[in-house]
Each structure stands twice: as C-alpha cells, then as structure tokens.
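Here subunit A shows up in two complexes: once beside subunit B, once beside subunit C.
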Partner chain A sequence: MSTAKCRLMLPEQQADVTRGGTRMRLRGLVRKEFLQILRDPSSIAIAFVMPVVLLLLFGYGVSMDARHVPLAMVIEQPDADTAGLVGAFGNTEYFRPIVMPNMRSAEQAMLAGKVNGIVHLRSDFSRRLRSADGAPIQLILNGVDANYARLIQGYVQGVWGAWLNQRATQHGAPPPLAVDLQPRVWFNGNFRSRDYLVPGLIVVIMTLIGALLTALVMAREWDRGTMEALLVTPVRMREILAGKLIPYFVLGMGGMALSVAMAVWLFQVPLRGSLWVLTLASALFLAAALGMGLLISITARNQFVAGLLAIITTFLPAFILSGFIFDIGSMPLVVQWITHLMAARYFVSILQTSFLAGDVWPVLLPNAAALIVMAVIFLGLSRRLARKRLE
Partner chain B sequence: MTIVNRILALMVKEFLTLMKDKFSRMVVIVPPLLQTLVFGYAASFDLNHIPLAVYNEDGGGASRALVAHFTGAPVFRQVAVIRRQADIRPLIDNQKALMVLHIGPQFGRKLALGEAAPLQLVIDGRNSNTAAIALNYARNIVMSFNMQWAADHGHGGPPAYVEARAWFNPNLESRWFFVPGIIGLLTLVVTMLVTALSVAREREQGTFDQLLVTPMRPSEILIGKALPGLIIGVLEGSAITLIAVFWFHVPLIGSVFALITGLCLFLLSAIGIGLMISSLSVTLQQGLLGAFLFLVPSVILSGFATPIANMPKAVQLLTYLNPLRYFLSVLHGVFLEGTPFSLLLGQFWPMAVIGVVTLSFAGWLFRRRMY
Partner chain C sequence: MIDVAEASASATGTDIVMRLTGVDKQFGKPPRVTHALRGVEIEVRRGRITGLIGPDGAGKTTLMRIASGLLVPKRGEVEVLGFDVARKPLEIQARVGYMPQRFGLYEDLSVQENLDLYADLQGVAPQSRAARYHELMNMTGLAPFTGRLAGRLSGGMKQKLGLACTLVHPPELLLLDEPTVGVDPVSRRELWEIVYRLVREQAMTVLLSTAYLDEAERCDEVIVLHEGRQLGHGAPDDFSRPMTGRSFAVGAPDLGKRTLQARLAARPGVLDTVIQGEHVRVVLDADTATTPQSVIAELPGAGIEPVPPRFEDAFVTMIRGDQSVRRIEVSTASTAKRSDGQVIKVQHLDRRFGDFYAVRDLSFDVGHGEVFGLLGANGAGKSTTFRMLCGLLPASGGEISVAGVDLRTAAAAARARIGYMSQKFSLYGNLSVQQNLRFFASAYGLAGKRQRQRIDAALADFELQGYRDTAGETLPLGYKQRLALACALLHEPEILFLDEPTSGVDPLARREFWARISALAELGVTVLVTTHFMEEAEYCDRMAIMAAGRILALGTPEQIKAKARSAQQPGVGRETTMEDAFIALIEANEHREVQTDAA
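Up next, the complex of A and B:
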C-alpha cells in the first residue's frame, strides 16, 4: 500500500520515502533473521562453540616440534668414544636414545614404529675416529613421513656438530668445522610452531564460520517457499541480501574476537600488530567469506546442494591451499595461481604478519586489497544471480 | 526377498536424489577428482625457489665460494644483493626474501687462520615450519662446504661424519607421504557429502516420518542409506588411488587387497559417523555443522600434516577414536612400506568397531529422535 501512495507523490518525495523505508524494512529483515538464529541455536553454536572447541583442540594438540624422538642406538663396540656420542644424544631434549643389542632388533623396532631412526656405530668406530678418513655415524631413518625424517636428520647433525666441537676443545684441537652457521630466526626465535599454527587455524575456522552461516540462508527461503512471500512485499533484493548479511556479520565478528582473545591470552601468541588493523582485516575477510557462502546459497537450488557445495569448497581448500601449512612459493605455478582464488590465502598472510611481525604495510595492503576485490566480486555476483533467479 | 526389494528401492531413491539433479551430481563427482590433482601438487614440505638475499661484507674468494654453494643449489633463488645492514629488515619484513646470508668482514681472514668463521643467517620465522626446513637446507650446504674446504686445505676433515639413509623413501620426497594421505582425506569428505545430510534433509522436509510409517524396519532404512555411500566411496576412493599411482607415481608396493579391505572398513566407519550426525540433526544446518565439527578435527588429528607423536598424551588418546588415523596408517603402510595384511589387523579392527557402534547408534536414533 505504501507503493500505491508513492505513485501520487513527486519524484523527489518518492525517493525520500523509499530511502526512509529502506532503513525500516532492513531493520525488520535483520530482526527476523535474528529471531530465526535464536530459534535454531546451531548458528550461535557455529559462531561461538565451534571456534572454542577447534582452537582448544588444535592449540594444544597440533605441533610441528618434535621432542623426545625415540632413536635406537646400536653400538657394536662400546668404549669411551661411543659413550661420549651416546651421551650427546641423551643430553638434548630432541631425542630419547634407546640402546639396542644388535641391528636386527633395532630394525624390528623401526618396522613396528617403536623408534623413528637407528644410529649405528660399527665395531671399528674408535679406530677410524683416529684415522685420516674419519668414522661414519650410520643413521637409518624411517622415510615414510619424509618431513619428519628430514627434521630428525637435522637434529642428528646438530648433535654431531656439538659433539665434534666439544671433542676438539677437549683435545685442544682447532675447530673441526671451518664455517660456523649462526641462524637468527626473526619473529619466532624458538620455532614455537603454535605461534604460527594458531593464526592459521583462526583462518580455517573463520572460513568455515563464514560459509556455514550463510550457505544455507538464501537456499532455505527458497526451500521453504518463504522467498516468494518475501518478494511480494516491497522489500528489494538488495535489502534481503543486506538483511541476511548483517546479523551473520555480527555473529562472525563475535567469533573472531573470541578466537583472537583465546590466541593471545590462552595460547600466548604475541600480537605485535595493532588491534584496529586486525579488526579491519577480519571485517574484510568475513565480508568475502560470507559473500562466498551467500553465492553458494544462491547458486545452489536448494539447501541440500548448498550444503554439499559448502563442505567440498571450504575446509580442505582453506587447509591445503592457503599457505597455512604448505608453503605457497614452493608449489607449481599453476597451483599458485589457483591459490589466488582463495580468500583464506590473503588472510593467512595478514594474520601471520600482524600477529608475529607487526604492521608491515607492504605485506598488509596488497592482501587487504585482494580481500576487498574478492568481497566485491562475491557480493556483486550474489546480487546479480539473485535477481536473475526471479525471472 | 521383499526385504531385499525394499532396501533396493530405498537405495535407488537415495541415488536419484544425489544423481538426478545435474548440479548435485557434478558436486559429488568433479570437485573431489580435481582436488586430488591440485592438492597432490600443493601438499608438500619440500621447498624450492627459496628467496635468498646475500650480504657479503668480505668479498674474498672463500666467501664468494660459499655464496656460490647457496646460489648454485636448486632450492635457493637469489633475489637481492645487499650492501648495508639496514637493508636486511625491509627485505625480511616485506617477505621479499625468506633468508638473508650475512658474511662478516673477517670471514676470509678467520678461515685462513683456521679459526671458526661465523656465517650469520637471518630467517623469517613467521611460518616456523618453513623456517626450520629452510634452515635444514642451509645446514646441509654449509656442511658440504666445510667438507670440501677441509679436503682442499689438507685438514683431513672431521673425525666422524653422519651417513644418513632412509628406508621406504630414499630421496625423502614428501609427496610420497602426502598423496596417500589425500586419498584418505577426500574419501572422508565424499562420504560426509553423501551421508551427513541425507537423514537431516528428510527430517527437515518431513519425508523421514513417511519413511518410518512404511513397512521398512530401521535396520533396512539404515542399510538403504548406507549402501549408496559405500558404493560412491569405493568408486571415488579407487579413482583417487589410481590418480595417486599413475599420475603422481607414488609407489604402491603392498597388496591391493589389503588396501581395499582398509578402504571398505574405513568407509563403514565414516558412513556410520555421517549417518549418526545426520540422524542427530533436525535441520540441514545442524547436519552441516555436525559434519564440519567431525571433519575438521578428524583431519587435523589424523597425522596427515603433523605427526601424532608430537601431540600431548591426552590428545593422542583422542586420536584413537578417529577412523582416519587408522586409514592413514593403512595407506602409508601399504603404499610405502609394503606392510602385509596380517600386520594391518591392528588398524582394521578399530575401524570395524567404530563402524558397527556408530551404525547401530544411528539406526537406534532413527526412531528415538523425533520432533
């Protein structure tokens, strides 16, 4: 009926009423969406329970830092020299050396997964130690998990280098290794893997939240036939979409705030950048993630297909292609291009920098710009397709 | 006979809901296969083209030889030459270089005098795993430089050296580890696609009540709902395995029979969990939430990317409830170690138990949870 009245007004007055009406209609739509959220509390669970459960589990559970790796030591002829080396292995927190009588039992232990590697010193170790060629320290690794094997190899070389230096000083000999490598690891001097895993996990969790919250909302209206009911009212498609986004944006930002609070206070991840940059970047990412959910919801014809799409397009891509675990620079070029389609990729870069390094603008700005582009594309496409579905 | 007919009818209906719609048919079939290809290339801890900047204050022959050791290695790519200390920070901060090689002015002199010559290495630790791997590469290069230096200058080398050898994966290619893992991940995702929403959807639409008043017993409904997941899972799991073997050339040295047994038992447990989630949910949204609340922890706590041995004891105990953990052991065992069937029984029975328990619970829920 308000439209009927509008027709009798002058154009500028009409525009006035529509604008005022937009605010009122939007308020109504947002209210309706909030009521729906309260009725099926799974949305609230998605925004607040999911981050807490997942962060607790992963913050405590996941670690790249190998400690007390069981290592079999087979010493064919124990003496003072070998004892020094075995002692060097026992002195680091990286290894738990287990002395075994012979290679056969050590190999069986490795096949059974009881030890991750074997250090083998032959009976002529001490003799060859004094010869010109030097004595081999044979190291056999279980190469199934290649990265783990490499890590162990690196630790063994560390123990070996320290042992050599110690021996040299004891004998008053010059240092056996000409170049002494002195690594300085910036931002995370102790290699605390939690410091980089927790920000990455926040990205994965926020990707899921974004998609889960909005993937079903539009499809649900179509499924239940309430979309037609909405369309015969004076509300515009634009307003419907905004009415869907605003409540979930508020929920999502709440979930994000909770995640950051847990990262900083519970997991002691340093937050070196400023909070407002983090907030702004989160808002941009959430806009892109919610936009993607909305697009899924509109492209799929019903909630079922929207659910399928949400499962297949969010979690694993965000986990594997975002640079959270696997280094993007080492992927083949074609795969690197594909990673540019992931909003998560930009957010991982922003979060790792802003948590560990600070406000480094040359890193933050391009990533933020990419997030803006993605948000605009997703939301614009949603708007377009939603209108087309009416025809 | 009628039981079989009833189950078959339900199965056909389940297949129709998934396959009739062109869009949902595509969603179940195409993305998992595409993702196998993309993830197979993406999931690797082997670094290459590590951006390296060089700050050589010495400039002598020895320092240049050391730099050449780095820039000549295929894993490193020199992106900048620095002349001032102050240039290090922006390069690392802006992620233009992951690593800066800093050779002090006394390097050549110390080396000539037989003292330990320090080589400073600045590494961007934002991704501590990448930093640790890059540092490992650098260690190896410095070690080979030291060996060569000692040999060239008649020092006779160190009195002992490490001689490493790896079983099952001699070149330590991390793709051999990750591609079998991806088979497990994607099979799990596909099973969740087919099962986690199937009951929830019927409940939301009210057709599940209709199903309950038909002569079908809950156990028959259960079988009818589970079989499509099993069939689709076996087909896609096999297709992904073929991609792993023939496209990525991961060696499959164990028995195919053990692999298929593992796949079927894993599918049984995953279908059980999917149907359990689905029958616990009243709306599709709840089903979706449940699917993710299961999917994410089970992938991250499976040992796919981070070893289970690094987890705290309490979390390690939790992983025993995770079917993916056992399936990954089967996959790695069969693919790389050639573990015989009999040694895999310890992985098989937990999956069977999880499957039986969750399937029975799901069947029980069919009747109990009604709103």
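Up next, the complex of A and C:
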C-alpha cells in the first residue's frame, strides 16, 4: 500500500484492486465485529451470561450423586444386630434410614416418593446371621430412574458388606467372604459429579460461542442486507470469513478461560493436566466449532434456520452425544457411530482426561487428531462453499 | 446538467461504461422458473444519469446485481468499465460503488464507524480520509450526527449515509438500487441534488433504479423494464414526445372527481385516467377516432383542454399494450347503514414509546363513505395511528371511536366492522388463493353457504378465478394485492383500513386498485388509507399530512395545496402538485420550529 496508490480523489487515476490491502480490510471487519458484539445484547447474553449461568447451574444445582437417600428399613424383630445395621446405614452420608413398622407402610412411603428404597429384615435375621449360610436381606428399589436405582443398589451392597466385615472382626471370626473387595476409585476419588460436569461444560460453552453465535451473526448479515453491501466492496471472501473467525475465536477462548477459572477456583475442580495442552485442545475444538457455524450460516442464510440448525447439529449433541452427561460406551452401537461425527465427543474426552487424569498422551493425541481433521473439513468446506455471489 | 449532456452527446462509442448484451437471468428450477431478465441489451454512457424504470418484479435489482458481479447471468455478456463481470468481479467491485436497496448499513454502528468500515474495505488511505469524510458529511448534511448510531437515523438520513459509504472511495460508476423508495419527498429531492452534483463536479456515471415514474424525467436517459423485458431506452422526452396531442385534462365541476374518472375510464379509446387536482388527466388511444369532444360528450358541464405529455403517459401506454381499461365492478354489497354521522372520531390522540412520541395530539374525523388519506414519510406515525385505530395498539392518551364504538372499551366489537389490509399483504404464501380466502372467511366468522357465496363473489369481483389454486407466494404482486383486498372485504366491513396498499405495485395495478376503492366508497364504505405516493392523495376526499407524529395540514387536497402555496412564496409557475405541497409544508414547519427554538 503506497501513498501514490491511495490518492484516489481524481477519477483518471486508475483504481488498483490491491489498494488498501488485506490487512486494512481485515482490520476494518474485525473492529466492526467487536463493536457489534459489544452493542448487541444477544451476543453478550450468549457469550458471557449463558456460560456463567450454565456453570453455576451445573456447579451447584445439578448433581448426579446419591447423597442422603431416604431409605425405609422394615425390621420384623428388632434386636442388637438390626440396630447395628440401621446405625451403619445412618453413619454414611449416602443414606437417611427411616425405620418403618411394617412392609405396608414402607410400600406406601415408596409410592408417595418419600423413600427411594426399602430394606427388609425378616424376623429370623439375627438367627440366620449366625448360621453358616448367612442372613439374606431384601432390597426393594424405586427403579423409575434406573441409573439412580443402580447407584443406590451399589451403596447398599457396600454398606452391607462393610457392616458384615466389621461385625466379623469384632467377633474375632474370619470375614464371611472369601475375597476381600477393596475398591479404589481413580481420577475422581470422591465420586464428585461436579468434577467432570464442570469441565464438560466448557464444551457446551465453546459450542455456543463458536457454532451458534457465529452462525447467527453471519446469517444476520444476510437478513439485514449488509452482506450484499459487503460483497460489492473489493473485499475477498476469505477476508469476510476471517473477519468472523478472529473475533469469535477470541470470544470463545475467553469463554474457555472463564470456565476454567470458575472450575478451578470456584468449584475446586482439580486441573491435573497442563494448561497449555488444555488451551491448545480448546483452540482446535473452537476451530472445528467455528467451521461448523460458518458452514451452517453459508447454507442457511437466514437467522431462524441457522439458529435451529446450529442448535440441533452442534449444541444438543454437545450435551447429549458427547459423553458429557451420558456415557458413550453404553449407547446403542448406531448412536455410538454417530457420536464420532461430533467434534464435542473428542473434546469432552480431552477435557475430562486433562482435568481429572493429567496429560495422558494416548488419550489426548488421537482425540486432538480427530479435532484437527474436523476443523480442516469444516473450515475448508466453508471456504469452498462461500462465494462472492448472491446465489 | 446541460453541459454534461452535451459533452456526452459528442462522445464516441468508447464512452460506454457498461454494456449488457443479450442478458437472460432466471431463478428457481422448473417448473417454477421466474424469468428475471429476458434478452436485455443496455448501454450506459459515461458522465450521465441513466434511470432504470419499472415496477417491482421488473428485474431492476437483478440487473444491478449482475452489473456489480453479485449474480451471473444465464446467457449474455456483461461488460463494466472494460471488464467482463463474470470473470473479473473484483476488478469491477474496486471501481464501482453500489448501494443496495436497504443501504447496507450496520444499524448498531455509529455513522462514523460505518464510514470507517467502508473506508477500510475500500482501501482508502488513512491520510486522505479526514478530507473525504468532511466532504461527504457536508454533502449529505450528516456532519452533526457522526456519533449517532445508524439505526437511530431517519429513513432519509440512512439513505444519505448509505450513499456516503458507497462514495467513500469515489467510484467511476455509481449504482443505486431504488435509493428513493420509502423516503420522504424532501429527502428524495436532496438525494437528487447530491446525484446531480456528483455527475457535474466529479464526472461520475450513475445508474439508478426507481419505481417512481416522475423520477424518470430527472434522468438523462431512461431504460424501461417490465417483467424482465426491456421496453425502451432513450431520453425521457423520446418517450413522451410521441404522446403529444393525446394527453388532456378534463374538468367537470358538477361531478365528483372520482365519478368523473370512472365515467371517463369507461369510454372507448381512453387509455388512461388519473385524478390530478380538480381535473382528470386522460390519455387517448392513437388509432381510434376518439376526439377530445367525444370524450366529454354527455358529461354535464365538462371541459377538456390539451396538456403536455409526460413520461408516465408513455409508460402506461407501453405496458398497457392492447388491453383496454376494464370497468371495475364491485358487487360487495356493504352492510353499512347510510348515515351522515362521523364514522371515525379521533381526539387528542397520543402514543408514547418511552419518552418518544410516535403520535402526538392527533385530532381528525372521517365521515361516512369518505376516502381519507394519511400522508407522510416512513416514521411519520402513520402506521402507529393505524394500529391504534384498528384496536391493535392501545393509545397512551386521547379518544378514538370507530363505527361508534369506543376502542378503549370494546376493541373487539369495533374490529368486526373493520377490514384491514396491511402493507405486506399479510397472506399465507404456501396456501392457495382459495385456501387463503377460506381461512380469512372463517377467521371473520363466515361459515357454510354464506362463506361459499362470499368467496365466489370475491373470486369473481377480483378476477381471481384463474388463480384459484395458485399458491399465494407465487402470485404476481398485483394479484397478491387483489387477494389481500379481497380477504379484507370478505366480511363486508363498513370501514376499510389500507396501510400502504399500493407500495411496489405497478402503475396499472395501482390504477385498478384505486378504481375499486372509488367504487367501494360509492357504495358507502368508509376508507382510510396511508400512502407515500403523493399523487395518490388526489384520490382522497380529505387527507392529513403527518410529520414526526403530528398533523401538519388537514383538509381536501385542494385546501392543502392552497395552504402550501400560502406557506411558500406565491406564484410558482406551474400547478402545485401534492409533492410540492408536501415539501412546502415540511419546510415551513421546520422553519417554524427553528423560530420557536430561537424564541
């Protein structure tokens, strides 16, 4: 860009297509985009308010753990043994035992949703406890929420086993079980669901900014007729695309930083991996999400359709199909295949590893490679499909 | 202007800035192909203002987009400034300034920020910007508003900012797509002054599209487009000259002007009739034996005198082709009770949005069977007033009664007696004509035999039988307008509200539309209409001119023109048009405001 080329006031001076240059045009586009983000309440809401609300909601509100589960205990013949077992249930933080006089009232409490399970000790409990076969206890669970029921079942077995062991040691007898199961939980030793939900939220937040917001703002240019005015300037299509990518990349990384900071300092989630690995992986995922957002807006050209498409193809899968909440391994095979098309699943895997396990390269590298492939495909496709034409 | 024209006249063929050869453009896939342009051949000469004239759907925007490289024609060649547009769009885009219909402004950016953006995109050197901005802001009168958000500007100011952004790097060719649509007459005139200046001082070439036929006469050359076909190309005079001796003004003091027009339109050999002030302008067929005297025969007290032809006469004759004026029959038997009372009464009506008054202290009333017009630019408060009258928007203050019902207490009761047709012809695009009619009939509570009768009558009255099963969105615009009016009339309302009913429709459809409105008024239907076509005000019995939420003038068209004449310096040579009157009133109002501010 030289001064001579830019003295444009006289018509006889032939305008040069290269006047101004990419840098000037890109700077103009990026500045415009930032000004729009700052002035548009909906951008601010999606970029800053939604992440904080989601983090607080998932950090404090949503919990997949079973704590203080109300449990009915029906004891047909109370004695020292049964009292000891009730005490054992009461001593854990998992249960709140409620002693009921008979099965009928326990069943009614279950129907009314007042208890989530019934532990039934028959009248011969103490006698059979001393026999060689041991005493059976009956456990009835509310199976409406199957996962929750399984969780309770596991805890009941745990308490029961621990109580039997403890009793055996007190009586100086060998434990009734031949194998002593000593479970050790790795990576999230306290079973805190918050520790994997909060990192997983970074996926959702970056999808919001990367795909949804980008798709919406690009489609808005079509809706409001500003795209037509942009297209007839000497700007190149790649500059228009870069002019969208850069601001939303910055915004997305900002969202990531905010989420990590809240995770580590507010919710005390451990960050066992290194920060630079996390940053790099986030950048890769964001590139894929931005590519997806651009691709949607290029094909939709309409805010309503672009918004719906972005929600269905990126936002919902980031919740449901990413392994963020629902385990991918337990999905039907066909659905598992579909999850491979979602950039979110790779990033969730990286995030959970990075936060809870550390820099485990055999997990990080294949997932990062998948993100690179998706970013290249989506961004490349956007570049190919975007034309400086109206049709 | 004259200098430029003479300079160009002596120019050779190398002075062609833009050339389209055999350009065809279609949209959609068979069987639903729209032919936007068919075999268009155009040459635009350097240093001239070329007008692209035609109604909506004529192909004006498509042509502009092809010229700027946004669309590629299906067939034909397009050369702009010596470049093949299909192959070198970027070369064109670096040299051409193009203002799209919606101005291409970022509403959440300030005036200055919009300018900066386009200066960056156009590669204007930082050191030359200050001078250029200064020049543009002075030219457009936007200098005091550089810090204001573009979305907060008035329609006319937006249009000028759009133009300034297009001009931030002086283009060799300026393409303006309907720059004056929906803008008030004052802003329209100012835009034309800017365009003239650009051509005169900077030797710019301008291609401008418009649906306003009176703007044709402001161009050096005119290209007439209609339904994708090029109907003619030449100086505006070249079009109107052959019409000499065929244009007349008929006056008949004893007849109402709408009655007079209806009678004249029914005569054989009459191609066009338009109400103009006290007179009806008549264009006669060239071939028939119709003489001026035979036209006014049997009309009591009628006089006829020749008037100079204008572009619109030629245009209407051209697109009318061989179809003669049809007599409009409206069988809609209105249930309106004959009465002499006021059907609509509005007193001290206010409507606030926050601390902004959209409508302020509005008072007027409309009599039975009267056609009452609300005129004003976009944002003058017409639509807000309408919504309040239809009971769609509560008033902040004042009183409204419609058909004797107080709208504050019984809006629903009033609505059953109202027919409403909106600007956008609110129809269901994917329902057929018949289905649209049936839906609106049910919505108005018509059922069974009565519904069938009313729908059949509507199909017959509006000549929609041929389109019975056509989807609403694929109808030609003129037919959409007919269908919208048909829907609004299904329940035989006493009062008809028409919000910009003729916007974008071609002049023939507009004439037909007004003929129907006249016929309805004749039957006792009260009509309230908003429009930004100033000449349409002539069809109204009485009207109000609105600006910034207030009424500037109220009365018959003649009274308003008289008021404008007294507000302005008297003795303007030609007859005052409604547009002149409007501009004079607005200017007098601004003058008064300045004085009040000073005092």
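The working rule: the second predicted complex is superposed on the first by the 360 of 391 C-alpha atoms of A that agree within 3 Å, B and C clash if a C-alpha of one lies under 4 Å from a C-alpha of the other, contacts with A are read in each partner's own complex, and residues count from 1 in each chain.
Keep in mind that, in the parts below, a contact is a pair of C-beta atoms (placed from the backbone, for glycine too) under 8 Å apart; a residue touches a chain by one contact, two chains touch by 3 or more.
Keep in mind that this is a model prediction, so the values were computed, not measured.
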item	value
Partner chain(s) touched by A:381 [first = subunit B, second = subunit C, both, neither]	neither
Which superposed partner A:153 touches (first subunit B, second subunit C, both, neither)	first
Touching partner for A:208 - first (subunit B), second (subunit C), both, neither	first
Subunit B versus subunit C, judged by how many residues of subunit A each one touches	B
Contacts of A:233 with subunit B and subunit C, given as first, second, both or neither	second
Which of subunit B and subunit C A:25 touches, first, second, both or neither	second
Which of subunit B and subunit C A:36 touches, first, second, both or neither	second
First, second, both or neither for A:195, with subunit B first and subunit C second	first
Which superposed partner A:250 touches (first subunit B, second subunit C, both, neither)	neither
Overlap of subunit C and subunit B interfaces on subunit A (superposed complexes)	40
Subunit C - residues contacting subunit A, complex	27, 65, 68-72, 89-91, 93-96, 98-109, 113, 116-125, 127-128, 132, 149, 162, 165, 169-170, 172, 202-204
Parts of subunit B lying in touch with subunit A, wherever the complex brings them together	17, 21, 23-24, 27-28, 31-32, 35, 38-39, 41-51, 66, 90, 92-95, 98, 111, 114-133, 135-136, 138-140, 142-143, 145-146, 149-150, 155-170, 172-174, 176-177, 185-186, 189, 192-193, 196-197, 201, 204, 283-289, 291-293, 295-297, 299-301, 305-307, 309-312, 315, 318, 332, 336-337
Touching residues on subunit A, where the partner in the complex is subunit C	1, 3, 5-9, 11, 15-21, 24-25, 27-29, 31-32, 35-36, 39-40, 224-226, 228-236, 388-391
Subunit B partner contacts - residues on subunit A that touch it in the complex	40, 42-43, 45-46, 50, 53-54, 57-58, 60-67, 69, 85, 110-111, 116, 125, 129-130, 132-151, 153-154, 156-158, 160, 164, 167, 174-189, 191-193, 195-196, 204, 208, 212, 215-216, 220, 300-301, 303-305, 307-313, 315-317, 319-321, 323, 325-327, 329-332, 334-335, 338-339, 349, 352-353, 356-357, 360, 362-363
